[in-house]
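Pasting a structure here, questions to come.
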Amino acid sequence: MSELKIGLVGAGWMGKTHAMSYRAQSLAFGGKPATPVLEVLADVNDEIASRAAREFGFNRHTADWREIIDDPTIDIVDVNTPNDLHFDIAMAAVAAGKHVYCEKPLTNDAKTAFTMAEAAEKAGVVTMVGFNYIKNPVQSLARRLVADGEIGEPNYYRGSFSADFLGRPDIPFSWRNDKAKAGSGVIGDIGAHCFAYLNHLVDQPVEEVVCDLKIVIPERPAPAEHGGFSQDAGATGQMVQVDTDDVATVMFKTAGGLTGHMEMSRVSLGKRMDVGYELTGTEGGVRYFYDNINSLQVYKEDGAQDTRGFKHVVMGPTDPRYAAFYPVPGIGAGYNDFKVMEVQDLIEAVAGGKPAYPDFRFAAEIQRVIDACILSDAERRWARVDEIAI
Amino acid sequence: MSELKIGLVGAGWMGKTHAMSYRAQSLAFGGKPATPVLEVLADVNDEIASRAAREFGFNRHTADWREIIDDPTIDIVDVNTPNDLHFDIAMAAVAAGKHVYCEKPLTNDAKTAFTMAEAAEKAGVVTMVGFNYIKNPVQSLARRLVADGEIGEPNYYRGSFSADFLGRPDIPFSWRNDKAKAGSGVIGDIGAHCFAYLNHLVDQPVEEVVCDLKIVIPERPAPAEHGGFSQDAGATGQMVQVDTDDVATVMFKTAGGLTGHMEMSRVSLGKRMDVGYELTGTEGGVRYFYDNINSLQVYKEDGAQDTRGFKHVVMGPTDPRYAAFYPVPGIGAGYNDFKVMEVQDLIEAVAGGKPAYPDFRFAAEIQRVIDACILSDAERRWARVDEIAI
Amino acid sequence: MSELKIGLVGAGWMGKTHAMSYRAQSLAFGGKPATPVLEVLADVNDEIASRAAREFGFNRHTADWREIIDDPTIDIVDVNTPNDLHFDIAMAAVAAGKHVYCEKPLTNDAKTAFTMAEAAEKAGVVTMVGFNYIKNPVQSLARRLVADGEIGEPNYYRGSFSADFLGRPDIPFSWRNDKAKAGSGVIGDIGAHCFAYLNHLVDQPVEEVVCDLKIVIPERPAPAEHGGFSQDAGATGQMVQVDTDDVATVMFKTAGGLTGHMEMSRVSLGKRMDVGYELTGTEGGVRYFYDNINSLQVYKEDGAQDTRGFKHVVMGPTDPRYAAFYPVPGIGAGYNDFKVMEVQDLIEAVAGGKPAYPDFRFAAEIQRVIDACILSDAERRWARVDEIAI
Amino acid sequence: MSELKIGLVGAGWMGKTHAMSYRAQSLAFGGKPATPVLEVLADVNDEIASRAAREFGFNRHTADWREIIDDPTIDIVDVNTPNDLHFDIAMAAVAAGKHVYCEKPLTNDAKTAFTMAEAAEKAGVVTMVGFNYIKNPVQSLARRLVADGEIGEPNYYRGSFSADFLGRPDIPFSWRNDKAKAGSGVIGDIGAHCFAYLNHLVDQPVEEVVCDLKIVIPERPAPAEHGGFSQDAGATGQMVQVDTDDVATVMFKTAGGLTGHMEMSRVSLGKRMDVGYELTGTEGGVRYFYDNINSLQVYKEDGAQDTRGFKHVVMGPTDPRYAAFYPVPGIGAGYNDFKVMEVQDLIEAVAGGKPAYPDFRFAAEIQRVIDACILSDAERRWARVDEIAI
């Protein structure tokens, strides 16, 4: 059995989660078609890199991600850094002929995202982006049902991804609140997931959007040190201005005439993870709500009229991805399991020749829609996606 | 105990529901501060008027609503006709010094609605509009909690009113599909309820909207005869063009800085009555979903952090309106009960001197927002509500 | 069109609810096959009788229910008194050849209940008992699906009816806490509804039960005056011993081999109306939860395996009873609507020759099961229903 | 940092899940207070042992579990075999002074379970049993709230664990249907989880039970080969008699006066994992439903009466176990995460001196209750738990 050597950059939450996923792959999927080997872990903080390499099970560590690029034994470069480093690392990896697995959002603007996608395609390397929510097997089921015409022609979509992880005003300022680092607020961070759900379900590029971005908490306490989701305020007593959006609302229209809207928020007090969608078609509908994480609701306009209704389908081992973990339905597949499935898709693409999904191009197209949303908000008008130069 | 003589126009579903409500009032509320008397029922179809008068319990009937206006003994004119007759009947009633209870939407455009509101205010008569959804006692609770600052300053709102009563393409053409009669589609019919929920919760006029209106089913079978919700197709085999919207999506901004969005639909297959809202504030939130009709969800950012969450509050006899019907909580108050509560509010306004709510002005302001939505859709841009002349 | 003259005894909540229902019947059902006329209202308290007669719309009132029996013009005697008066009134009415509509529980013991059923059957009068929960149209649908074999052979049932209307210990003592008046506690009061759901769904008499009855709050404040659900404590400061059960748990087995269990409670803090059932069969299942009052969940073991799941069916106007009130599905039919449907069933039985359902015998059989439950609890063993002499 | 060498027996689903958990521990918990080392994997089938050792990441494999016992370097023996081997392996491990981590149910009868518990206690080794459902952090919260008196004195409990993994009659016969191998049916297999939930929440030994056991599908197709949850029927066409229960219903009473009931099933068609409980106390209640896997509902009888209700608390990083995986609340912790938390508890007990929970004694006490249930069913009467000799 072949092996794939992984060089992973970034030892935060996502880096850890990726490492856990590689370590679970050979158990869940028997190390087929290849076994990932945790070769090098890079983090800009050498002390963190050293400790994390030990805890995550990497053979080596480094403070310089370029060592990974320069190492000819590395097969896959796995990028878990802040967004503003994605481009440099991914482009270097592609140039070195390596496959790239990058967390979302791919970049902070469409132009660089398409540059990355084209470079990777030209180089013939596999790329994958961590839109993990669509890796939940119920999303494969949803996609298949829609593709098979089970709901007829889709005509309306509602998406939501509202949370409150930055809801309290005492949560300190972080890179997420800083446009220079994050590019945008929820529209980029969470919007990426929202449009991934949409594009996963229907093959219709978004053509037009109108968007409203809003900063709900205009200043936050300066943090003791910059951290990801760290919620401990620093003791300085200083306040920092927030310049990225906390809430985004979008209406859209696709090439195929599908319309709909989306809401995304990180300050919706009380909504911990109010994530989901509803897609209506001419013969039925599908809908999904994250708090019933393993369940899909399906409606068909057929059968006796007085017993029609949304069927609540619970995921089970009829799906082989699910069956790799659990022999019975509804047992509680979770976020980390879906991440292992994502890693398995990556390995099947690299070592098994299956198409990579979702790849850099998928992410770049989403980034272009996000840029159109930002333009729409700035100019307070409907914006066409093709107004965004790429 | 005093009596209030009712002249009711229109013997369809709403006419029947109003009549049932008057008949229940003296039981639920002891006929206080006055007892409604079902005096005259008018319907343009004399045969229907005759039969309905008997079934509904009216003393008399007529095919000409002007008889009601001319009858000096009538206290309240109750208008349940198609929308395009509201103006003439209500204006005549006001001119005759009668109180007016009118079904929503008040009219098909803002200008006439404000004309009606001003005429009524000048005449000093009581007006009420049948936005019955806000009469559910849980909505009084919600309004009070928001007014009391329990959720802090409201900053985001999501509303939905998606149904599928016109979802199947074989449902025949009716006046709802005809712009000449209905003025608009869901944006007027259902949008009225959506904005009523919003205005009921927060005292902030909507200032700006962007709206997308969509016809999903462009033609329908010609009906055997025109009817309200009748779903029996005629046998003619002919198709009629639909020119009113089936789905409406709206984003809005209020004077107070609240933003949000709404979805309304009559063709969302499988969604029988997907009605509800979510209002987020700086210290908490309230939300309501119609399929738990007697329940309100309330979130407060206080108490021990690890036991915060949305509280599901079930309506009970702590509310006197509810207590008029049921001595224990959660027993299943329904649509018709809320309509009786609406009638009781009317009677208390007419005979008890309480402020009428919601009155013609409330409805007119909503109609102006709806007109702005139609303008926004037509010109594919954000529209200010004050662009609509009144 | 014919009329049916009603003599109603008891002006409490149920009396009022029945009167509201009669008044709504001619609107909802066009007064067909007959129109009820509110002729006489009796209440032992003459002042209450007088006031209620006026509010409820009765032509006359009396403090002596025997006047109703003696009045040859009365067609239906409607009994809404405390349980311990049901027998005398109903037997007198039957003896006078009148039809009887009686609230549940029919009596406090099986022997008298069967005596009543047999007397009525011998007299050839129509009887109906107010098990209103099974009048919800979704229950007709459930019953039909089961009868049609849609779920195969039923093999397991779970029922619950847990509320907390007596949950707080400061709620004063009432007749419900007094065995002399109420016969038993929840097992009789609420158990009647639980077994009605079961018997409505499956035609299998319960054969054996094991039951545990429990008093959770052993003493309560003496009330200012005895009242139904009144929750105002008296000011005497005295406590009264409770001798009726607050919680009942039952396991059972039917003649057909169906097994299951039930929970009923009036002290389950926080559960306002946690009412519902789940019935599993060899090919599927149905389940119902009262907080989605208009919805039935149906499961069928057929179709593609990976899209099976419980279908959530929302009641709509495909059901004629529902259609009498609402032209569109899911609009919020409630408790009082179901009571009107019950009255309509009564009128169709009396004036239209349809079988009365559920009648005294239905109630008597339930009462026998309840008595077996009480026996089982007392002797701490499984009890056979046929141990209860009738 | 110290290491703990693991010898794991049984390469089925649970063996795999345990191995995954050990491999995730150093990532989630930094390998503290010790790092598990996957040393030897034993499976009676040498080929499976060999393959699984490679996939699971073990250093060595064997077909004879006694090699693990005899290996002085092994610290923890991890038992994932069919139930009937638990005793021999665990007793040998204890005799060899090794710590033991064993899947539930600990054994097929109470006597052997207590023998195991006493042997382990005498030997001073750590024991842990895989009641993983109570390792979900929301269950720690629930236990703490109850212990802190937040719901007052508990008085009623409802538990359910109804699934349908053996619901279809074409699912072939397996060891679960064979009393000789499994000891009992759901009462032992699933009942263990049900009573674990109960005992986790309240410190009150169950004293009395009445139980009904039922075989719903009396014969099943002979399997091609015996397997765990394998649902592929063999092709022999032969049928095998089932002699273990498919459904169990239990009513119980604890020493402290708590009463309640439980339902457990593996044939409830449509219910994939209908798992949960409701515990009512004198001042509130807690309830949990597995399909909202990260959420606990809490009711308190305090605050303004008209805004009381069950609070839906979503798990988040305020709990350190949860925080080891996810930095934001409600993100989808699942079954496998909880298993890692269980392994972490094991490691903290072995290497960190924390009390092991739940240990063999916890499991033995549950097994005694299960034996009392079986006795109750056999003799059709209430049974006292102390009737079961240990």
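First chain written, first letter: the chains are A, B, C and D, and each begins at residue 1.
The rule is simple: a residue touches a chain if its C-beta (ideal position, glycine included) is under 8 Å from a C-beta of that chain, and two chains touch if they have at least 3 such contacts.
Computed from a predicted structure; not experimentally measured.
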item	value
Contact-richer chain pair (by C-beta pairs counted) among A-C and A-B	A-B
Distance-maximising chain from chain B - centres being C-alpha averages	D
Chain centre separation in whole Å, for chain C relative to chain B (CA means)	34
Intercentroid distance (Cα basis), chain B paired with chain A, Å	41
Averaged-CA centre spacing for the pair chain C and chain A, given as whole angstrom	53
Numbers and ranges of chain D residues touching at least 2 other chains	295, 308-310, 314, 316
Of all residues in chain D, those that touch chain A in their complex	13, 16, 19-20, 23-24, 26-28, 30-31, 51, 54-57, 163, 165, 228-230, 272-273, 290-293, 295, 314, 316-317, 325-338
Residue ranges of chain A in contact with chain B within the complex	151, 155-156, 158, 160, 167-169, 210, 212, 214, 216, 247, 249, 251, 253, 259-261, 263, 265, 267-271, 278, 280-285, 299, 301, 308-310, 380-382
Interfacial residue positions of chain D with respect to chain B in the complex	141, 145, 295, 298, 305-314, 316, 318-319
